[in-house]
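Common to both upcoming complexes is chain A, partnered first by chain B, then by chain C.
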Partner chain A sequence: MSATVAQPIKPWRVNFKQAWPEIAGAIFAVVLTYAIVSATPLKGKLGFFVTLIFVATIVAAGISWLRRDRKAAFNSVSTVLVYIAGLFVIVPLASILYEIVRRGIAGLSWGMFTTDMAVTASDAPLSEGGILHAVVGSLYVVLIATIVSVPIGLLTSLYLTEIKGKAASTIRFFVQAMSGIPSIVAGLFIYAIWMIALGNQYSAFTGAMALAILMIPTVARTSEEVLKLVPGDLREAGLALGGTQWRTVAMIILPAAQSGLITSVILGIARVAGETAPLLLTMGGADALNLNPFSGYSSAIPFYVWKNFSMGTELSIQRAWSGVLVLMIIVLIFFSITRLLSNKKGRF
Partner chain B sequence: MNTAARTLPPKRVITTKPRFSDKVFRAVVTSGGFSSLVILGLISIFLLINGLNTFKSEGFKFITGFEWYGPQLDAGLPAQYGIGAMLYGTIVIGLIALFFGFPIAVGAALFLSYYAPEWLKKPMVLVVDVMAAIPSIVFGLWGYFILMPHAEYWAKLIHKYLGFIPIFDMPAPAFSRSPFIAGLVLAIMILPIITSISREIFAQTPLDRIQAAYALGATKWSMIKSVVFPYGRGGVIGGAMLGLGRAIGETVAVYTVLNIVYDINIEVLLSAGGSVASMIVNKFGEASPEEVKALMAAGFVLFLVTLFINFLADLIINRTARKG
Partner chain C sequence: MSTIKGVEKMSQPNPVNSLASVAASRPQHVDSKHVAGTGLEARNIHAWFGDKHVIDDVTLDFYPGTVTALIGPSGCGKSTFIRILNRMHEFIPTAAMAGEVLLEGTDIYKSGTDVTKIRLGIGMVFQKPNPFPSMTIKENVLSGLKLAQLKVANQSELLESCLIRAGLWNEVKDRLDEYGGALSGGQQQRLCIARSLAVSPQVLLMDEPCSALDPGSTLRIEETIRELSASMTIVIVTHNMQQAARVSDRTGFFLSDGGPGRLIECSTTSEIFSNPKDKRTEDYVTGRFG
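Showing the complex of A and B:
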């Protein structure tokens, strides 16, 4: 006599008997869509997908209604719609990334990083000219914006988490509102205060000031989130050992939150590296390399893209796409760094 | 044996008086904390000062007027600066963006919170975050070269089958660079912010309520309808408003895609629209000093509108988050 060993069953698993109506329904929907598309003047992939959405919704609702009731039908419809919404989020991003690489790769070469556009006409072949001036300009702009905005953002977040003054909730509110001001307004403001009122000229520094305004709220908000995660025990321990608040913050809290704070800075950089509108008002947009960030017209990668797109010749648009590819690579590198940092540590 | 009196160390002074270093620290941090207030104040003051002349000379016409030109000396006409048409255009493309973006974003947030299989959640969140990091000029170029041909075809279909509705009517067969297409690009741009805020709010729905709904035999949709939506309504609306604020302030992507025309057109599929932010970039290049001041005034209006929308949105979101 062989002993029967009890097999563990998983009652929550969907078995074939329960699933076949759905599978059959899905196949039926695709076939029906194909039939409709070939029978009617609807054309192409787009027509197919739009029809598929409608057919799939109706078929799913019908099957659920027949098998169960009206509520189940609503459930099926909403499930299909929610899945479609999820799809709609992925499709544009996939298309954007694919097109950037496809169109940008043609103009990409090592040579483009060593020359500028000073002596290159807009319809010169792609082997001439480059984006050196834009890369250097972007580097200056982002670096200066970081130097200006990080201390201010960090101090704001320290005020919100460590001092917790009377105005803390008001300031939190205003910082949130500040993160929503349009980038063009930041550009206009810097133009008004730095160029009209103080009489300065177009330069990389002017552009950096505009970007700093956009960067401060990002840095402040993410740093605040990070500092909030530092356990209160650490603060109390620091104070109990006789440290002043300044020593506690400088030697315990900031080191404890270090990787998170770096993440917040890089997030701020990723936020402003691709900004275009404020730079259009503040940088002048040079074609030649300008190594002095404090005077003279200069350019940045988004500005380069904009300028070449505006020229509208076939080759300049090709250049614009190459610029977009470089810009996206830079933004995605910064983005990946923040991901790696926040995954590795920063959780207490 | 030495019996000299033990010398006691001086009594430690225990005081609540802050040390000098702490005073400096608190002063520096507090002044840093107030800097964002100062910057916001400076922005409004400087834009207002520069725009004041325009506000004075144009009066209420600045908000309602349709004309924008400098003084025309040969015709003896004074300058006319009015952003009425642009404000109208901004609202139109903002609403189009919300019309398409909001349902998809909320659907995607629901998908992420309740429908997606475990293995798909992380990549999907990554997709949303990457989308938020894409610069607006990239969206602009993509919208112009890739989305536009498709969107023109969709616009033609809408016109063909729904043309009897006035807003889908077409006085001239120009389907490219319309508010409709600009709205579509903006819809994609505001997806990430609405999705991530909705998802955060949905995550705060009390688990016991969800389980109670399931235990009563609710389907997933009934559960969402009766538990998740009532709890998250405010947050989702706030997210939508933040998205609207983003859409209103968007400059470069809209300018790339939209054909800016100084007129109010009710037809959204027609190749003529407006946007305050894009108009500023459009006019800034060849503006006279006086016109720049008028643009500052326009920027001030834009600043106030977006600030107001963001305030309201934050208020609603914070209240919902606290309740949840």
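Showing the complex of A and C:
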């Protein structure tokens, strides 16, 4: 007599027999909503969705109540609301992405990345001119802002978590306050102090300074949260092995928190990559490629987009949409690279 | 005769006798004489957290080449006491202390002492295994060298000898480049012991090193402790009296009567388990309280 061979099954998986009332309920809710919207003065997509929230909740609650009890009814109400909330986040995001690709793709060409707008008018045909100056400018400002803010932000977070000095609570308060300042204020601050009071000129570096003001608090706060997650055990173990505080932090704490710290840098870059307002005040907005980040007017992609939108002609608006698409692609590439870097094994 | 005596002891339910026989069955390779100025000596140690007095006047000598077990109920200051022995106590912001800790006759709390050197000489193994997550097994063992910026002529020899002494070599010799987190809990704890050995400390402090481990790993670590005791001074805090009886040469009993913790009694392990001088020690080791 041979033993029967056990087959792996998932008894907890919902099959059609159990799920059909829910599926029927969902279809019924959509049909009912459609009927209500056609029969009443409620109009359009918005009316449809608002009605759907109410109808779906009531239908789901009713089905659960009939099949089980009151507790199940409350449970399905919350489930339906959570699903709808998720839908509300995904639908606008997806439609924004779709719209950017749809409108931006028309103006996309290789020539766009090899030329600038120095001799081209905004409403010249799309085969002329390009975005090179803005791409280079954006890379400069983001790179310089990152180089300036990451060390400052990281050291601030180390002060808050490792040194825990007397000023820690004050510094934490100011970092939080700083992360709330509107970006135009950061631009005005650099404009007033760095340019007017100290006599510096428009340049990519000046723009990067404004972005750094926005980036430092983001990096400092997220790094602090990440460093707080590193177990105190590891600090003690490092110190108990005869390490100084600096060597313990550099050899144990920072590597242990590495992937989280990279995420904090990504968040900082995400904060500033699309900023327009502070750059309007600090970069001058050149149309020609400027390879020197420390002097002369220069541009950035958000600046380029703003400039072309404000021209208002059909072709310039097309240029703006393509600029948005390029910015999105660059940010995506950058995120992918940093994600790959941080996905090492054996970390937190 | 002796066999019969042993059988009698086995059949008796009295835990004092069974622990005493465990303690007595181990070779006692130390005489109880202590030479002043050697090993580690704690003199009139007090400790506070804020206003709370947690250790009251503990004087205790740890002889070179012996294992000293510290037993006692939770909250009687054992862990605080051994953290004072390698200057880890001061990391708690409200902490304060009084007294002297002499290593080879020199107070480790004397002003101007290089704390990192002290901790290099007095290693510590923690309750929870804590290998460094960003390092491989090999890097973990050698991390102390890098942390303290020590140079060693032959790293792979040191790596092997530390892992052998910690009883881990056979299990990890083919996977030295894997991350330490991939090991089981017991292996991680032995990795932490190997890590402490790499900087060749004179004293090794162990704060309940087996409390998170299964019996097999515990046994393995106890063997490791026995093997290490020939070459260094070991202090082990444990809640497991069987363990104290199995591994230690001397045992100190701590107790707090609601106030600060005090050292009630310290003697050879067989003495503590067979013939304790203090009634409270007897009550504790027989399991009548605590």
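Here is the rule we go by: the second predicted complex is superposed on the first by the 243 of 348 C-alpha atoms of A that agree within 3 Å, B and C clash if a C-alpha of one lies under 4 Å from a C-alpha of the other, contacts with A are read in each partner's own complex, and residues count from 1 in each chain.
Note that contacts are C-beta pairs under 8 Å (C-beta built on N, C-alpha and C of every residue); 3 or more make two chains touch, one makes a residue touch a chain.
The structure displayed is predicted, hence computed values, not measured ones.
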item	value
Touched partner set for A:Lys228, first chain B, second chain C, both or neither	neither
Contacts of A:Leu327 with chain B and chain C, given as first, second, both or neither	first
Chain B versus chain C as contact partner of A:Ile171, first or second or both or neither	first
First (chain B), second (chain C), both or neither touched by A:Arg102	neither
Partner chain in contact with A:Val82 - chain B first, chain C second, else both or neither	first
First (chain B), second (chain C), both or neither touched by A:Thr244	both
Touching partner for A:Pro151 - first (chain B), second (chain C), both, neither	first
Contacts of A:Glu236 with chain B and chain C, given as first, second, both or neither	second
First (chain B), second (chain C), both or neither touched by A:Ala72	first
Partner touching more residues of chain A, whether chain B or chain C	B
Chain A positions touched by chain B in one structure and by chain C in the second	244, 247
Residues on chain B engaged by chain A in the complex (per definition of touch)	18-19, 21-22, 24-26, 28-37, 39-40, 42-43, 46-47, 49-50, 103-108, 110-112, 115-116, 124, 126-131, 133-142, 144-146, 150, 153, 188, 191, 195, 219-222, 224, 242, 245-246, 248-252, 256, 277, 280-281, 284, 292, 295-296, 299, 302-303, 306-307, 309-311, 313-314
Residues of chain C that touch chain A when the two form their complex	86, 88, 91, 93, 116-117, 119-120, 123-124, 126, 128, 130, 132-136, 143-144, 146-149, 179-182, 192, 195-196, 199
Contacting residues of chain A [partner chain B, same complex]	46, 71-72, 74-75, 77-79, 81-86, 88-90, 92-93, 95-96, 99-100, 103, 151-152, 154-156, 158-160, 162-163, 165, 167-168, 170-171, 173-186, 188-189, 191-193, 196-197, 213, 216-217, 220, 244-247, 249, 270-271, 273-277, 280-281, 302, 305-306, 309, 317, 320-321, 324, 327-328, 331-332, 335, 339
Residue numbers on chain A that touch chain C, as the complex places them	164, 231, 233-234, 236-244, 247-248, 251-252, 255-256, 258, 345-348
